[in-house]
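Two complexes come next, and they have one chain in common, chain A, joined by chain B in the first and chain C in the second.
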Partner chain A sequence: MSNKMFSKEEWGTALEGLRDSCRIFVPVKDGDFHSFVPFENGTVPDFDLKNSRLSPKSVVYPQSERMFEYNLDPDDPEANVLKEAPKEYLPQAIVGIRPCDAHAFQIVKLNFDNPEYSDPYWVRRFESTVLVGLGCNEPCSTCFCTSVGGGPFSEKGLDALLFDLGERVLAKGLTEKGDEFLENAEVGKEADESILKEAEGLGSSASDKITTDIPTDRLKEKVVNELFGASFWEDVAFACLNCGTCTYLCPTCWCFDIQDEVMGKQGDRIRNWDSCMFPLFTLEGSGHNPRSNKFQRVRQRFMHKLKYYVDKYDNGVQCSGCGRCVRYCPVNIDIRQVAELMNEYETESA
Partner chain B sequence: MKNPYLPYPVRIDEIITETEDRNLKTFKFVFVNPEDEEKFSYTPGQFAELSVAGKGEIPIGIASSPTEKGFVKFTVNKVGLVTSHLHNMKEGDVMGIRGPMGNWYPWEEMEGRNVVIIGGGFAFTTLRSGIVYMLHPDNRPKFKDIIVVYGARNPGMLLYKDELAEWEKRDDMEMHITVDGTDDPDWKYNVGFVPAITEEKITSADDAVAIVCGPPIVIKLMQPVLEKLKFPPERIILSLEKCMKCGIGICGRCNLGEQYVCKDGPVFSMAQLKELPPE
Partner chain C sequence: MREYTEKIRETAKRLLKDGKVDVFIGYKKGSVPMMNEPVLISDPEKTDLLYWDSNCGLNLCNYLTKRTDRIGIVATGCNSRNIVTHVIENQIKREQLHIVGIPCAGMIDYRAVQRAVKFREILDIEEDNERFTVKGGDFEEVFDKKDLLQENCATCSHCNPVEFDEMVAEPVEEPQGVESYRDVTEIEDMDSEQRWGFFNEMTSSCIRCYACRNACPLCYCPTCFVDESKPQWVGKSIDPIDTMTFHFLRAYHCAGRCTDCGACERVCPVGIPVRQFTKKLNKDVLELFSWEAGLSLDQRPPLDVYKVDDYNEFIK
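Here is the complex of A and B:
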């Protein structure tokens, strides 16, 4: 695998040039926050970020996506027959994605690409995407990636990893895809020993800055129905507004809805991100709703991430430790505390 | 890459109004592309997503049996957006079906055993599929006694009336049709709720598997009856309903604990359900 180093200026030039090889998404400053946008003429990438407010999951899994189109014109012999919406899966790259957000793609891949069914939209777009990570020199106070199998310089799920070393940038290729991407950079030099050493030091000092340690080791051994029936759920959910912010910002939330939309005689079947925090999520035609109470919905969110996923896939928790839900929940509901409650839970006497 | 969200186009071949209140209609579909019929190869107990362009998709149990060739049948209760639209469609109209989906009744386990089928209300659809399947001459010898208890609110609300009458006459199965109540003085069958009639007619759980489908209240009331008869939880089979979208275990809507009702179900044994969160 190739390692390349750049001066900051060279890196800027390299990135400009790389736009010819594929569509690149970069972080930009957007008001008080950062977001990932396509790198076009006039776009000013800003790699001096904590993390983007919304995770870049939408680059692979758009918030709203056309699946099929059809027409309802009775004179058309093909009326009412669904046709694939035309799509191109052009090569694309997310440059500056944080390791936790790259790890998140690995977590959700087990859902979208399982032995029985592959979601063609997710899988094809994921396969055409290169993930070029940016290690976190200064993790936030809400980060807990190290508790869930990641780390500020974790290579998990990444094709290449960038180290910001002040004046210089080191780009480490981690997969063939990543190498190929870096190969296309016209400037930059082969990395030397000293920069590799410096990068290593940066990695371990960043890990040391994450002091939160969320225990998840005992989740698997808990009896699912005991956790489900635990008395703490009403308390956990007490202040929740069911705003859905947590699920929209989350890089590992994958639930979607499918809807038809019609304009005149033309129609589309589209899918949209959905949220288990909304009562409509499970409202049945008869009026019955198995999760009509908010605590039931809050419980579903945490049980899915911290118990059902753990049991189903044996791949750890469905959380990459990015801390967004902790930071942006308007009422400060904190997955770290809930994980601890669940992990430490002892059977209650009846 | 195969797109599991793309429905097969079908044409509505026949629409039968099943019940007096006209709220239940059976739709018989033929595949627009005959080769799709083979791809849609199913087992009784499975369901499909019925797709109406412009309205959406709904999960509906397959009411026909794979032993019936050339068409697939579904019986739809009118409740909301898609089902109401479907009720207004006409024979000859084109729509879609996607599937088959989910698991099925445990046919292998039922072979060589007595089969007790208990249905309440319009949840009788996939049970019809199962009965037609078992009564097929190729399959009938594989099962011992077949006993059916099926009830509706009143005689006008029973589904598949012609078939029920035929099954009544057969001597290789036992039919117990019942209604909650009726003012028809000529009513020949039982009057009483399904659990009560079951308790009266079924005498033993020996070497028997029970399949129960019905509204939540019937399922709940059936439990003590079947337990009293000494059906072990492994041999009480239920079919569940949850809101669904994708039908293939990806959209995250229909979970019961770690299981997706659309893919790992909809058929579960009582023993399995006891291990899952009671949602």
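Here is the complex of A and C:
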């Protein structure tokens, strides 16, 4: 695999040039926070970010996506026939994605791309995406990637990894896709020993800066129904607003809802992100809602992430430790505390 | 603030012990800086969890809706006005409540604090009445609270609870002559095209998470119009028209009921100033009906009363 080094200036030039090879998403500062947007003329990438407010999952899995279109005009011979809506799967890259968010794609992949089901939209878009990570020199106080199988310089799920070394940037190719992407950069030199050493040091000192964690070691041994029936859920859920903040910001939440929208005789079938926190999520056609209470919805979110996923896939928890839900839950419901309650749970006597 | 916390703990303990209330609703200290968590306490031995500082900017009235037990609750000026509105609108009975009034000096605008420290990672905040210290890994800065208040708090003229059973401290002085609606006037002065542009831009990053709606005590409808599916009034994608429809309609549903508590704005994960909508309606209701929400248990909001002898022509 190739390792390239750049001066900061060269890196800027390289990135500009790389736009010819594919569509690149970069972080930009947008008011108070960062978002990933397509790198176009006039876009000012800003790699001086903690992380983007919304995870870059939308680059592969948009919040709203047209699946089919149809015509309701009875005179049209093709009336009521669902046709695949035009979509593009052009090669694209997310440059500056944090290792937790890249790891998140791997966590989500088990759901969208497995022997039983394969989600055509997610899979094709994921396959056409190159993930060029940016290691975290200064992890936040709410980052706990190291306790869920990642790390501030984890290579999991990445095609290439960038090291910000002050004056210089090291780009490490990790997969063929990543190498190919970096090869297209016109400037930059082959990395030398000294920079590789420096990068290694950076990686280990960053891991030491992670100050928080979640316990997950005993989740697997718990009896699912006992955890489900634990007495702490009402307390955990009291403050919850049942909003979409935690799930929409989360890189590992994948649920969607399918809706038809019609204007005149033209119809679209759209899939939109959904959230298990919404009362509508499990509302059945009959009017019955198996999760009619708030605490049931809150329980679902945590049980899914920290128990059902664990049991079903044997791949750790459905969380990459990005800390977004911890920072931005408006009422401070903290997954670290809930994980602890679940992990420490002992069977209650009836 | 330490005095308030002590007093709240004492009061809650007494109320629970004496069986005056079944549960007590307040805040506990959050796990991240500038975030506190609403908490429900029923065990008098657990009242030490209760906490108060200038980061209690949600609206606890939100947690009262349709409860059937007897509840002790802390309430600032705006929160108490929402409780009054809740009582008038039959969402809770006054007799069920024991309101512990908080003379409020305003809440800190956590976004402004983040801006003030240039988005460096904040690890802790220490409050000392008028001032507070923000601590990070390699910095420490002191601010005057009044410079970094939430915008609704800076323009508030009902800092003391209007309805309470006891107070945690002497009332604070109510500010006089505050100019509450300068921002609304600025928007009113735009021509319609500019205004449309302004609102479009303002809501463009909305992700339809509904935190604003769900944090608002006024939004207690069993099924919100955006969640209706028969008929479906609003699309569920992030089409700008649907997003705008949600915001406009919600604001109209709050007309004459909103207390400008700021909870909606505080909770938005992408920082949309949603109060711009509700404030305009607050201003209209003030100008048309001399009405401010939740000041008295004896009068219904102007938009849900009809008087045969109404002096307005349009209603006849």
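Rule of thumb we're sticking to: the second predicted complex is superposed on the first by the 350 of 350 C-alpha atoms of A that agree within 3 Å, B and C clash if a C-alpha of one lies under 4 Å from a C-alpha of the other, contacts with A are read in each partner's own complex, and residues count from 1 in each chain.
Note that a contact is a pair of C-beta atoms (placed from the backbone, for glycine too) under 8 Å apart; a residue touches a chain by one contact, two chains touch by 3 or more.
From a predicted model like this one, the values you see are computed outputs, not experimental measurements.
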Clash or fit, chain B versus chain C on superposed chain A: fit
Chain A-centred angle between chain C and chain B, computed on Cα centres after superposition, in steps of 10 °: 90
Which of chain B and chain C A:Y328 touches, first, second, both or neither: second
Touching partner for A:S141 - first (chain B), second (chain C), both, neither: second
Which superposed partner A:N242 touches (first chain B, second chain C, both, neither): second
Which superposed partner A:V81 touches (first chain B, second chain C, both, neither): first
Touched partner set for A:S204, first chain B, second chain C, both or neither: neither
Touched partner set for A:D257, first chain B, second chain C, both or neither: both
Chain B and chain C, minimum CA distance [Å, superposed model]: 6
Touching both chain C and chain B, counted on chain A across the two superposed complexes: 257, 259
Footprint of chain A on chain C - complex, ascending: 30-32, 35-40, 58, 62-63, 111, 114-115, 119, 121, 123, 205, 207-211, 214-215, 227, 235-239, 266-267, 269-271
Residues of chain A touching chain C in the complex: 30-33, 50, 53-54, 63-64, 138, 140-142, 235, 238-239, 241-245, 248-249, 257, 259, 261, 270, 272, 275, 278-280, 326-334, 336-337
In the complex with chain A, residue positions of chain B that touch it: 1-7, 9, 32, 51-57, 79-80, 83, 93-96, 216, 241-243, 245-246, 248-253, 255, 257-258, 263, 275-279
Complex interface listing, chain A residues touching chain B: 67-68, 70, 72, 79-82, 84, 111-112, 114, 116-120, 123-124, 224-225, 228, 254-260, 262, 267, 269, 271, 274, 276, 281-286, 288, 290-291, 296, 300, 303-304, 307-309, 311-312
